[in-house]
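Listed next: structures, encoded as structure tokens.
First chain A sits with chain B, and in the next complex the same chain sits with chain C.
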Partner chain A sequence: MGGLQKKKYERGSATNYITRNKARKKLQLSLPDFRRLCILKGIYPHEPKHKKKVNKGSTAPRTFYLLKDIRFLLHEPIVGKFREYKVFVRKLKKAYGKTEWSSVERLKENKPAYKLDHIIKERYPSFIDALRDIDDALCMCFLFSTFARTGKCHVQTIQLCRRLTVEWMNYVIASRALKKVFISIKGIYYQAEAMGQLITWLVPYQFSHDHPTDVDYRVMATFTEFYTTLLGFINFRLYHSLNLLYPPKVSWTLKQSQMKLSALSASLARVVSTAEEDEAELDQFPVDGEDMANMEAREKEQKQEEAQKKLFEGLKFFLNREVPRESLAFLIRCFGGEVSWDKSVCIGSTYEVKDETITHQIVDRPNIDKQYINRYYIQPQWVYDCVNAKIILPVEDYFLGVTLPPHLSPFVEEKDGDYVPPEKLKIMALQRGEKPAHEQEDEEEEEEEDEEEEEEEEEDDNEEEGDDGEEAEEKNLKKMEEQRSQGKSLSVKVTAGKVKVENPARLEQEEKAEEKRLAIMMMKKKEKYLYDKIMFGKKRKVREANKLAAKRKAHDDAEKSKKKARK
Partner chain B sequence: MEWYRDFPHIGYNLDGKKIYKPIRNKDELDDFLDKMDNPDYWRTVPDKQTGSDVVLSDEQVQLVNRLQRGQFGDANFNEYEPQVEFFSRDVMLHPVTNRPADKRSFIPSLIEKEKVSKLVHAIKMGWIKPRRVEDDSRGRYYDLWANEDSSILARHKMHLPAPKIPLPGHQESYNPPPEYLFTDEERALWEQQDPCDRKLPFVPRKFSSLRQVPAFSRFIHERFERCLDLYLCPRQRKMRVNVNPEDLIPKLPKPKDLQPFPTTQSLVYRGHSGLVRSISVSPSGQWLASGSDDGSVRFWEVCSSRCLKTVQVGGAVKSVAWNPNPSVCLLAVALDSVVLILSPSLADRQVVLSSERLLSAPQEADANEGAGPVTWSETEGEELNHGIRLKIQHPKAVQQVSWHAKGDYVASVMPDHSSNLQVLIHQLSRRRSQNPFRKNKGLVQCVSFHPVRPYFFVGTQRSVRIYNLVKQEMTKKLQANSKWISSMAVHPGGDHVICGSYDCRLSWFDLDLSTKPYKMLRHHKKAVRGVAYHRLYPLFASASDDGTVIVCHGTVYNDLLQNPLIVPVKVLRGHEITHDLGVLDVTFHPTQPWVFSSGADATIRLFT
Partner chain C sequence: MAPSRRTKRVVASQPGFLNLKSSSGAAGLPSIRRKRVNKNKKKNWNKHSDINDVTEFLEDVRHQERTIGGLLSDKSDDNLFFLDVGQPKKAEQKVAGFASAPLHHVSCYLLYFPLLSHLSPNHLFCPHPTSVLAYQQPNAKKLRRIGQKAEQLAAKGVVPRRQKQLLNRRPADRTAKKAVTEANNNPDREYYDIWGQEYTADPWYLQQTGKKRVKRPEKLNEKPSVLPAVEVIAPGGSYNPDFFSHQALLQEAHEVEVKKQKEEDKIERQLAVNKEHIATEETILREQVEGLVEEENEEEAPNEEEEGVAVGAITVAEKKTERQRKKERAYKVKEQLRQANRYQNDKRQQLFQLRSIKTSIKQEEQETKDKQKQRKAKQEAQKAQPRRLGKLKFKAQDMEVQLSDELAGSLRQLKPEGSVLKDRFKSLQKRNLIEPRERAKFKRRLKLKYVEKRAFREIT
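Now for the complex of A and B:
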């Protein structure tokens, strides 16, 4: 007894969280300002473990912020700037209302502005942290750089995004960092490796956007504001890591629409030479036998990577006017190829169609009138597939008018048990250096796979078979009994019994399976639940893989029958 | 002049007479001829006022030319004459005007003073700021991470980075393999589903070439949603359970090492035509008795599966129980509201005689108990010939009979909610019956005697009560944690009890540990109908409606500190499920590791 009465919700988790409205009131900010602040400072709501406790017994849906986060925001200098801006807008309105043009001018000159440098430093204390978080920034900047001047955002923002993305692409070309690329229905995915970080970004197709009405562009603009600052600093650092000057000297005076290409076509001769110098060989350390294999594997991988970097070296490409020029030019330059296009399409072309040394011309139309005999006419997918396969693929499948092989995602890494499309197997065989001798081989492989699956199914059926045998015996017995009960004399006959051949391996397997089943019965309830869940997930995966395989088989069969019918 | 355009005159003279226009009858041809012939044609101008043509003189033509060129009309006018400075900076001897200076010209201006003071005040108060120096540091980048002080705050440790956008799979390709495209059903399903339920947020599509790929209409939406996720979505650290499912399976001793236990079905006893509710093995292990719904009790030879004897008792047999005493050969049979004591005379003479003696010994107690709820009667005639020796008539339907280990007492169960008369204990030697309980404590399902000590187990619907028969008090109440107990068996050591229940569970009680089950086994998929312990081997079995008998190895250690080890060793299948009933009763052979089971398919099976 004695002591003060403990009140509910005055300690523990209830005091660690704060609702959004309360946080807003504490910071004395309007909702848009609060939102902007959260975006810039990277403050996000937290999901408490016990929502009801935090919500003081209520179950109403609320978003909670950590109280510490909000206290942290209190010290942010930008909050002051927000308030200043609010006052500025008010003064400006007043001045306009009174038609005091001189004060309007004076106010406009003193428009409060803020910088985000310190926030970036605070959010990303080290460069690697920033680099790790750059995916979204790149996606957003690439999206904004494709916007037209529609009033959805400031023109300066669009131009800045355009500049930064071009700089980024320039860096990727200079460092030969591109790893993977994927043409999806959404846009083109690129993956590059910078300072050991895998960075993926998505570039939309070059079409004018159909601006949706249910999207709040202010939120996007705030994000972009932060991302452009971040990307600028990252670009600076990356350029300096390559001993390049930042910002790069590109003739920005050119028309905006042509900026990207002209920037890209600016020859990077000096850069390439430095890049080659960088390839200092790794020192060989004496290692134990165990690690040797590891080391060798790593070395092999490294060699492969080096080879990939020089994939298109020595090849000369010419882009027809209908292909996505920017993406292809970027790609080909990333892997050391030379590229040009028609002079009338865009500036920056370096050689003409008539050039005899061109090895590949990339065309995306069913046929072409005038063909040169000493070059391949291929469809653009070839370039993308080559990059993903890390080898120069045979061009036969990609000629004009040919039905293209499926374009596979390089980001999917199949584990054993997953479904692997046959095209991937083909590419893997090519990577291993095997010749794509005949298509029959592939078919055989497929069949093998199918057989394996069937075997698995059979195994499942095994138990039932055993029961079937017993049942049959029983039926026999019953029959005999019936006959006996009816008073008929049994035709007693002894036939030579068949020796039941027992497969010891199979028996052992069965025994093991039974043992496992019995052990599963003894599991605790909690563990059983978990186990069932895991097994359910596994089975679902298998089911999905089987479904895909079946679909593929049906499709192939249909194709075959169609072919036969045509013959 | 335009007023007179349509009239022949062009005005009036002082007398008011019309002045007529000069007669002009020149047509175009005359005009042309005039143009050709007249050298002064170019300087001839019609005078609108008089209507006559005027030939301009040379001076007049010159004037016109000058005006056209924008020059002064007067040819002699010099526009570049030197300026005469009337008002110069030189102080003249005589002023131009002799006006005295204004007062305001030498008094400081009040208005200006006011203005200045306003400005001064505004500057003082910080309302007016000096024009800002153009700050171009905005938008200029530098090496932000030049001095990496690695000041990792606690915030950064607490920070939960947003998960990256999942990388696209094959189905997102513009030219995916054909198996990733939707079939018609899949597409219909996709369209029916809510956007949040869909596995894929888009429909996979195939384009034959890159130039046919259109813009993705939801691109900005998806970016925006990602933005929303980044700043609005609550984040929580979740521990992913990353266990190998094989590790979850408990490590049990191999069933092989726990042999012997029944593994295969070796004999089937056929002959009954109704479902076999109860079976019992004689203490010698040579005979098997079974009671069925077809109203017969059959005696089988265990080894040969021959039916030696069939006794028609005239009612569905609920329970049969062989007297556990090896020196007598008696069988208790429960049907309807009668308990029959059968002497099947399936033993050697000595045993048969001793059982006869037991049945016929006392007669005097009969009179005392005449008023009780139970009437004992001896059978005669046909029934006697069949071996039915005694009939104990109960007031209600009897569900189960159970012998004491000594073989003199038999307990019968009459489940009934309403009265306290649910269990009766009969003494054979004195032909006496008694009701041990005064109070109704729930629906009694089954009873059992303790194999060695004077305890009595009563299984009610939810719990098992243990009574001390000597002290006549309840010693323990075991909570089965199940909805409805169906059967119960007591370990031959007497310290363990297993209970089967209709909610598929089997609970093992260790009487030394607690009143809660030591283990709950959920092996069966359907109601457990019967459980049994083996007398010698550490085995127990449970029979269930799913048609299986599960044999488990349950080692009980003499050491009190060591808990019993329970390992399921075999799932025995064989019985067919008829009318949703599978195996109804199970019992072990007294000496061999064999198990008998009786099922709803009218068979009894022996697993060895």
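Now for the complex of A and C:
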């Protein structure tokens, strides 16, 4: 029974945590400064497991930080700068109050400023770490770059964000890195692949801001301050990885060139001539037979990817004034197309509407007065859908004034057995290289879109339904009948026997199926039970998908009948 | 030394000696009677002999020598006086301060400016002193030589080395400012390859000079949530959605709304007033006459209470007999034996129950395993959840959804839904990067005082 009595809350979790106010006092900072420091240094509040223990018996909700984190903050040189700034503000106020303009001038000249470079290096020791965390930075910069010059944030911040985002977009164009794009009701989602990292970002629509009141602008500005620094360094590195000059080349006066760059029609200056950095061929290694197939598949994939990168190459676009210029120009240039717009809309247009070589004009209004015969007039969704489908889609569905097919999200990945909307199925078929036979197979879908053709085809509809195979058989039968009618009598002949062709693939398949069946038979009771359960789940999924498809068909039919009734 | 001192002393005793310090003579004669002491001891000499007058005199002599270059009494009248012929112009410029006062007596002039004395007035308007030392310069010859040489060299056009060095020194640029750190949001700021450069300074040097940065703990680089930075909206959120995905999104939004409605209803139900609790006329009346009307039941109650007291009394246990005790003890022993036997028997029997025991153990293990799994799954799910980081709980923002009739036919007519700014802010909260917080309310420190303005008061 010896020893001192143990005091409560002097060991364990109570000593590992510190409340926000205590931390603030320890650092001798005001609350806004403390928040700013935490955001910049990447130190976040922590929820302890046993709040009552940490809170010394009280259950009041508090914000806790880990004590070690705060101790780490004590070493930060920026803390000193914050204190200096506080003093600076005080002095400035005093000078203003006394109307000592000379001292105001002097103080302003020596305004304390701090750098975040060392924090970037500390938080992201390697470039790839930084690249992994770039999503947030991009979103924030794109967001701030769309802000108007209201008092909500500093004008300089907006300009910097604008510059950085334009630089980033130009990098994506130069490296042809864009993968997916999705127009949502919130904004436009993009996904690109840089150095093997998938990067997603959200761009708000222009002029769509009503400034919400329940957002802390100071916090957002602090995040942006950090992210602009980060994005700048990343941009620098990315540009250099492509042998591009980093602050993109300034040809005229600064202002103009920046505008030109932001118009996304100028290409970037290279440090090294382009010939040198041709795509390096994949090294060939001697491989085993097993890897061979893999390798081939990979090569094929790569070739496909290369082709996708040149999706719009050779096409010449012209953007009408009512379409979102920046987004479309970015997209088209990402895939190698040429793009221009009316001179009065924005600086940087390269050719005019009258240019005869334009292949596509992007229009978003019901009709247009003067049409050139040698170009397609299409709605902007075509460009987005082409990018997602990775092929040039048929333009008919996107003509002027036509009801558009739905814009599907490229971010959904269906597993087998899931319900797949018919529009997606169609695109997938196109991707596989199957030509959509307008007259026969897809007429159901066609009907929705081409209202003119609908009525003509109406009669054919009923007769032409059926599978490919059936049709072929029918044709054969017809031929035979014709022959019969011609020859009048069946000629009895002994024909040479045909060798029954054994399809090795099919045999293999059968063998596999047999194996599977046997394996199922040999299962233990327990495993069998589990297997059955899984299979049941799969079947249920399929059933549900079928149900949805049927529903869709019913819906479509209803729509069609409605349309007919209207006519 | 001794003879000179003697002469000085002699001079001092003479009546013609002029004392430079006025105070020295006037300092009161000691009127106190002299103390008598033995003079045969050296100690007493030092202690009791008054040497003030002597020291003062010596001081004065030294002063005179320092300032005039000899004793005043030795000087001839020529040396001490001069003819005032107005003020020379140069002097006026040089010593404007005291040129205005006419100077007649050097001694009085010297009295006031003893240190300046040999600088100027002697030089300017006094005739040269007779002493050679007065116009001999130390190292004069050497200096003259140097001067001559310099002149020669200058004539040749040779610039001395020292001057050359001075000329060569770069003029300090006073106008250049200190290197100012530019603001972080400067739109034209420069970037560089921050990951390319390696350590420039010697780590040992940095450590010794205290400039080494503290290493960031690895744990800080972990993200506080597993959620992705950008959560892509469901496919139904497309501007031109597929019918079914749009319906699915609507369904989801509907469910959220229903849940909210339910919670609201619940609160309303709990707060609703129970109809039975509302006072009717009858209850009001009863309340008013409470205690006025006597009731019959009251009389019966006390009787019951008395009976209860009688029942509750403690009964004293009777004493057991010896026989009873013996019997009890025997029974106890027997019981113990029986229990032991039973225990033994059970143990033996367990040998035959091995299988069932095994199964039960297995079952238990399975149960614990399942529980572990469940707990782990729960923890994983928790990682994606927003934590409780402060006073407020995280509140998800409203789902962005457009009803079927709100959907735009084309991109031009699209009306954006929700705010990206808010979406980003909520995402930061959801990922536990910042704690949910309410905007600080404005609190007035001093109460407002309303005063009717005079002009207004006059009208009313």
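One rule holds in what follows: the second predicted complex is superposed on the first by the 389 of 567 C-alpha atoms of A that agree within 3 Å, B and C clash if a C-alpha of one lies under 4 Å from a C-alpha of the other, contacts with A are read in each partner's own complex, and residues count from 1 in each chain.
Criterion: contacts are C-beta pairs under 8 Å (C-beta built on N, C-alpha and C of every residue); 3 or more make two chains touch, one makes a residue touch a chain.
Keep in mind that what you see is a predicted model, and the values were worked out from it rather than measured.
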Next on the checklist: Output check: A:510 vs chain B and chain C. Expected answer is one of first, second, both, neither. What do you get?
Outcome noted: neither
Checklist entry - After lining up the shared chain so the two structures overlap, which partner does A:216 touch, if you call chain B first and chain C second: first, second, both or neither? => result both
Next on the checklist: So in the superposed three-chain picture, is A:157 touching just chain B, just chain C, both, or none of them (first/second/both/neither)?
Outcome noted: second
Checklist entry - Looking at the overlay, what does A:522 touch: chain B (first), chain C (second), both, or neither? => result first
Next on the checklist: Touch test for A:225: chain B only (first), chain C only (second), both, or neither?
Outcome noted: second
Checklist entry - Who does A:246 touch here: chain B (first), chain C (second), both, or neither? => result both
Item to check | Touched partner set for A:233, first chain B, second chain C, both or neither | outcome: both
Checklist entry - Counting only touches as set out at the top, which of chain B and chain C does A:61 meet: first, second, both, neither? => result second
Item to check | Which superposed partner A:106 touches (first chain B, second chain C, both, neither) | outcome: first
Next on the checklist: Per the definitions at the top, what is the overlap between the chain A residues touching chain B and those touching chain C?
Outcome noted: 35, 39, 42-47, 63, 72, 109, 113, 115, 117, 120-121, 126-127, 129-130, 133, 135-136, 139-140, 143, 160, 182-187, 189, 200, 204-205, 209-212, 214-216, 219-220, 223, 232-233, 235-237, 240, 246-247, 322-324, 364-365, 379-381, 403-404, 406-409, 411-412, 421, 423, 548, 551-552, 555
Item to check | Contact set on chain A toward chain C in their complex | outcome: 35, 39, 42-47, 61-63, 68-69, 72, 75, 109, 113-118, 120-124, 126-127, 129-130, 133, 135-136, 139-140, 143, 154, 156-157, 159-160, 162-163, 182-187, 189, 200-202, 204-205, 208-216, 219-220, 223, 225, 228-229, 232-233, 235-237, 240, 246-247, 254, 322-324, 364-365, 379-381, 403-404, 406-409, 411-412, 419, 421, 423, 548, 551-552, 555
Item to check | Residues on chain A engaged by chain B in the complex (per definition of touch) | outcome: 35, 38-39, 42-47, 49, 63-64, 72, 106, 109-110, 113, 115, 117, 120-121, 125-127, 129-130, 132-133, 135-136, 139-140, 143, 160, 182-187, 189, 200, 204-205, 207, 209-212, 214-216, 219-220, 223, 232-233, 235-237, 240, 246-247, 322-324, 364-365, 379-381, 403-404, 406-409, 411-412, 421-423, 467, 470, 474, 477-478, 481, 511, 514-523, 525, 527, 530-531, 534-535, 538, 548-549, 551-552, 555
Checklist outcome for this item: Per the touch rule above, chain B residues touching chain A in the complex are 128-129, 131-132, 135, 137-139, 141-145, 148-153, 155-156, 159-162, 164-165, 167-170, 172-180, 183, 202, 204-205, 208-211, 213-217, 219-224, 226-228, 230-236, 241, 243, 245, 248-252, 254-256, 265, 268, 270, 521-523, 550, 566-571, 573-574
Checklist outcome for this item: In the complex, the residues of chain C that touch chain A are 177, 180-196, 213-214, 216-217, 220-221, 224, 228-230, 232-235, 237-245, 387-391, 400-402, 409-412, 414-425, 428, 432-435, 437, 439
